[in-house]
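For reference, the structures are reproduced in the following blocks.
First chain A sits with chain B, and in the next complex the same chain sits with chain C.
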Partner chain A sequence: MSDTYLRIEGLTKRFGASTAVQDVNLDVRQGEMLVLLGPSGCGKTTTLRMVAGFVEASEGRILLEGRDYAGLPPYRREMGMVFQSYALFPHMTVAQNVTFGLRMRKLPKAEVEARLAETLEMVKLASMADRYPRQLSGGQQQRVALARALAIRPKVLLLDEPLSNLDANLRQQVAREIRGLQRAAGLTALMVTHDQDEAMMMADRLVVMNEGAVQQVGTQEELYERPANPFVARFIGHSNLIPGELAEGERLMLPGGGAIRLAGGYTATGPCTLAIRPERVRLCGPEDAGARVVATVEDATYVGAHIEVLLVLPDGTRLILHDPTDGGAARRFAAGDRAGIAWDPASERLFDSAGAPLAARTPVPA
Partner chain B sequence: MSRPSKRRTTGLTAGLLIGPATFLVMGALVTPLLLLARYSLNRYDRTNFMVEALTPENYLRFFYDPFYTGVLWTTLWIALVTTVLCLVLGFPIAYRLARSQSRWKSVGVLLVILPLFIGSTVRALGWMGVLGRGGLVDSTVAALSPGSSFPLLYTPFAVVVGILSINLPYMVLTLQSVIEGIDARVEEAADSLGADPSRRFWHVVLPLALPGLATGGVLVFILAMNAYATPLLLGGARFQMMAPMLFREYAVNNNWPFAAAIAFILMVTTLTLTAASSAFVQRRYKAA
Partner chain C sequence: MAGIAAASEGAAPARASTPAVVHRRVSAAAVLVWGLIATGVLAMAVPLVMTAYISLFRDAVVVFPPSGYSVSWYARILEFPRFGDALGTSLRIAAMATLGSLALGIPASLALVRYRFLGRGLLNVLLLSPLTVPGVVIGLSIYVLVVETEIATEVPLIGSDLVLVLAHLLITVPWVIRLCVANLVGLDRSVEEAAANLGARPWSVLWRVTLPMMRQGIVAAALFAFIVSFENIEMTLFLIAPGQTTLPISVLQYLEYKVDPLVAAVVMVQTLVIAGLLLLLDRYVKLSRIV
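Moving on, here comes the complex of A and B:
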């Protein structure tokens, strides 16, 4: 790709016998926010720390504007890092924290002052310049950490779980602020999070990681609509995964008995996994012609936007589905009811035993 | 149970818990000190030894005799030198131990603590074997250039080495716990902001470790000021420090009043310098 700014090539990290990061390849474009997303221990933080230079890569290259950064110590990398714990200097005021990087660069005093004023203005902390970190709230500390990283005008902004120490009601607001600042400054940013909503809200593109390896790279819509494997399907949007045996191209035989009428026709046969999203199905009567499978309602909880319905398939597989609340009280399901589950071909994802998506033979109607 | 009676019970329990310690402190610390203070104002007499009096002459004798003030100076500079050396040598070890994530860390800590299991007298004897005439250093020098000898025993150097080896573990352990309290991410933050290792040390690690350096320094300084066995065994007959001199006045010369005065001078000097240094560090820390 011609507009690649930061390129990560074959990045691998081994700790003794275990591999924390396995052959990660990423291209980050200038001004883009790329979010590494995955469960804890998936290698996302280690990847970020290798880019920052805190962890030495076992293999691979980190190329910034074509220059290999792998051998450089962190203090020569010009990457601004925002830590999960903020890691502010407790013995320095807000102003001293923010100007630390500038003073280390021995910038002229006037320039330091100008950038301090400008940066504090950006994060709306101008009135806090003489406070110590312990005198600030969590949200304010977070903004100091951001300001400190932005002040050095970093080549890449690195964000390690920047929102996880904030109150839930503050998170969305701070996420938007960070995104706004990053966009306004045209900064290339790499962020790590385990929180899907956070990632969806902040990213230009996402990288889903699991067990040290990249599972899929793409926009929010690509990951949601076309997950590359069952892991991504479940991690992004909580798909229900139903293992079974593909028979006659259009029936999924459940291992414990029973079958699901698939929406698309498939050429493959053999073991595979069906992924369906909770919000992409309709519940109907068990005799309804559209029902692809009939299940027993085990529990139904009204949560506002929808009713969360827990269903059990004939073979014992449990599913969580969302029944819209605007359907009227007349057709609500209660524990013990039998319900048909229906969905469109476009909402159906089938993966083969290796985890690769299977294409439907019959063209999927738009 | 009603509220007042409950409060009375907890008050009683607290009293019972604090009681023994209070009694111990009063009985074992304050009373002997008061007694010593009283002794130091008594008069010494060759035939009657201690005579009841209220005189400052023991203190005056100490400060007017250059021999005794000389001993105080020697004690002070030996204590200062060993404290500074302890800080300089102890910090890298403590830092390494504190930041280590290796499974050998506990072995390292054990190696630091291990010398504390051996008393200072025994260790001084060990140093005599290393530094003395015909000892390890001397015989090595003699073997390399025959005819020459290099006895280091009975020099201030031997005393400094001896005290250093005893005090270093205290310093390392104190500093280690303080450095472990400094978030490693803070150092990484400095690193990513462009501070090379030396500037990271001066601007971030050192200021944050300063309270620990002060605590360790005070601890080691007090130990050095009061060192007894080490200067006695490694310093030789002509080398004098306060604690051995105090003991000689007390046990050999039977001059209890003068010994008591020396004890007070030593204690007050140590306390004054300790208080001054912590006040200085506290002000520095607040200002930083």
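Moving on, here comes the complex of A and C:
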């Protein structure tokens, strides 16, 4: 993309012998919300802190509008950060908190006042200007933290787990508010979260990280439909991961015996992993022509949105299936029954032993 | 089986009476706890109450029972040998020791909590170690050191406020560090990062964010430093110049040849100074949250 605004190149951070962040390369476009997603300890927060300037990179560059930010202290970076703990100044009022960055910039008083009013209006806290942080609810404190970061009109908005301290029912609303403000201001934003739903809700694009390395970058749909490796397949949504041996390009031999008839034809052979999402799997009769494998129904649980069916493959591997509650097939089967399992070719993902996706040789028939 | 059955049968009536038993046990525990609390409070209060009591005796010689009561000793407090002089010296030394220990202790606490450096552990131990050495030993050691220095340099040191303040710093700095470190450890570092993120330079972060957030710890530290210095007697005894005196020392010297209600009144005044200070500070910082 030509409109890269913030570029991260080969960013690496080592703490002693361990590597927290390994060769991260990212392009953030102007006005985009890029969300770093991963389990705790995956390096996403360290990456964000390197961008903010709190952690010095061992290697790599951070380029904003083409300028290298390495070595620039945090107070010169013009980045507004919203901290997980909000990090409000406890001894300052809401107004003093919000204007702190403006006062540090020695803006004229009239300008400070104007921006304060404008920012408080934006986050709907105009009536709270004289309160202290401890007199505010969690959601209000969060909005003060956001207002404080927005008031300096940052070049990049950094969000570190901004929703994790909020009540579950407030989270969606605040997520939408933050997203609305970021879009309205045309702000480029980098957010970190471990929560997949949050990430999906907020992001223009997502970056999945694990063990310090970027696993995949893409839109929600790209990550969900075409995960780059088994980790992403399991981390974004849920996936059944079934290890086996690829035979004749179209059958997955299960390690304990039995085989799965694959939808696509593959050129590779050898050990690989099949990833298939629970909601993309259907039940059918064991003799049905569409059945890719026959399994035993172990249990079925009605969980509201769907019926969760637990199946056992011939070699003992377990597989989870989400069957629609309206008109699904699960109700026709009882525990202990044999059932055929089917899926569309487009839902099937196969990874080689290194975790790289295998392309189907034949264009998958519908 | 029979045994179990018998036991459970036997337990049945007992269970009916259990609430009463439990209740009685709780009461016994409560009596013990309250007894201990009362003993503790009594042990702390008796000397103070007795002093206050004696200070109201009419007779110049302390006898029980007193022939009558009077507040006249308080009116005659200025008759106590060099009362104003001693009190002034005590307050002056304590104020200087407090300021000095804050000036040393706050930066030291910041360094100890915020930075990892060679010898940090050693420094930590050294800064707290004066609390573990008896004051008399420190006082004597400093005295010897000061005398030797005087002989070597011919600069008169004994009897100067400087030596006394420096000596008091030895016992006040550990308190300041202890309280400030405890305070700093509890602070959210990201608040300081937020200040830097918003454009504050390091000194600005320290002045506008870190120190204001340490206020509670600093006030508590100042308070302890003041009291520790004001009440010190062991070290001061060695370092005071002939003719110079602090309030605790003049009380001690007075008691060597005389016990009368006047000295009790003086001690009460000293106690009230400290108590007044505590009350004043409590208006700014809730002491119950610190100590």
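Please note the rule applied: the second predicted complex is superposed on the first by the 356 of 366 C-alpha atoms of A that agree within 3 Å, B and C clash if a C-alpha of one lies under 4 Å from a C-alpha of the other, contacts with A are read in each partner's own complex, and residues count from 1 in each chain.
As a working rule, contacts are C-beta pairs under 8 Å (C-beta built on N, C-alpha and C of every residue); 3 or more make two chains touch, one makes a residue touch a chain.
Model, not experiment: these values are computed from the prediction.
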Fit or clash between chain C and chain B when superposed on chain A: clash
Partner chain in contact with A:73 - chain B first, chain C second, else both or neither: both
Contacts of A:132 with chain B and chain C, given as first, second, both or neither: neither
Partner chain(s) touched by A:81 [first = chain B, second = chain C, both, neither]: both
Touched partner set for A:224, first chain B, second chain C, both or neither: neither
Chain B versus chain C as contact partner of A:152, first or second or both or neither: both
Residues of chain A at both interfaces, chain B in one complex, chain C in the other: 52-54, 73-77, 79-81, 83, 85, 87-91, 100-101, 104-105, 148-149, 152
For the chain B and chain A complex, residues of the former touching the latter: 183, 185-186, 188-196, 199-200, 203-204, 207-208, 285, 288
Contacting residues of chain C [partner chain A, same complex]: 188, 190-191, 193-201, 204, 208-209, 212-213, 215
Sites on chain A touched by chain B in the complex: 52-54, 73-81, 83, 85, 87-92, 100-101, 104-105, 148-149, 152, 158
Chain C partner contacts - residues on chain A that touch it in the complex: 52-54, 73-77, 79-81, 83-85, 87-91, 100-101, 104-105, 148-149, 152
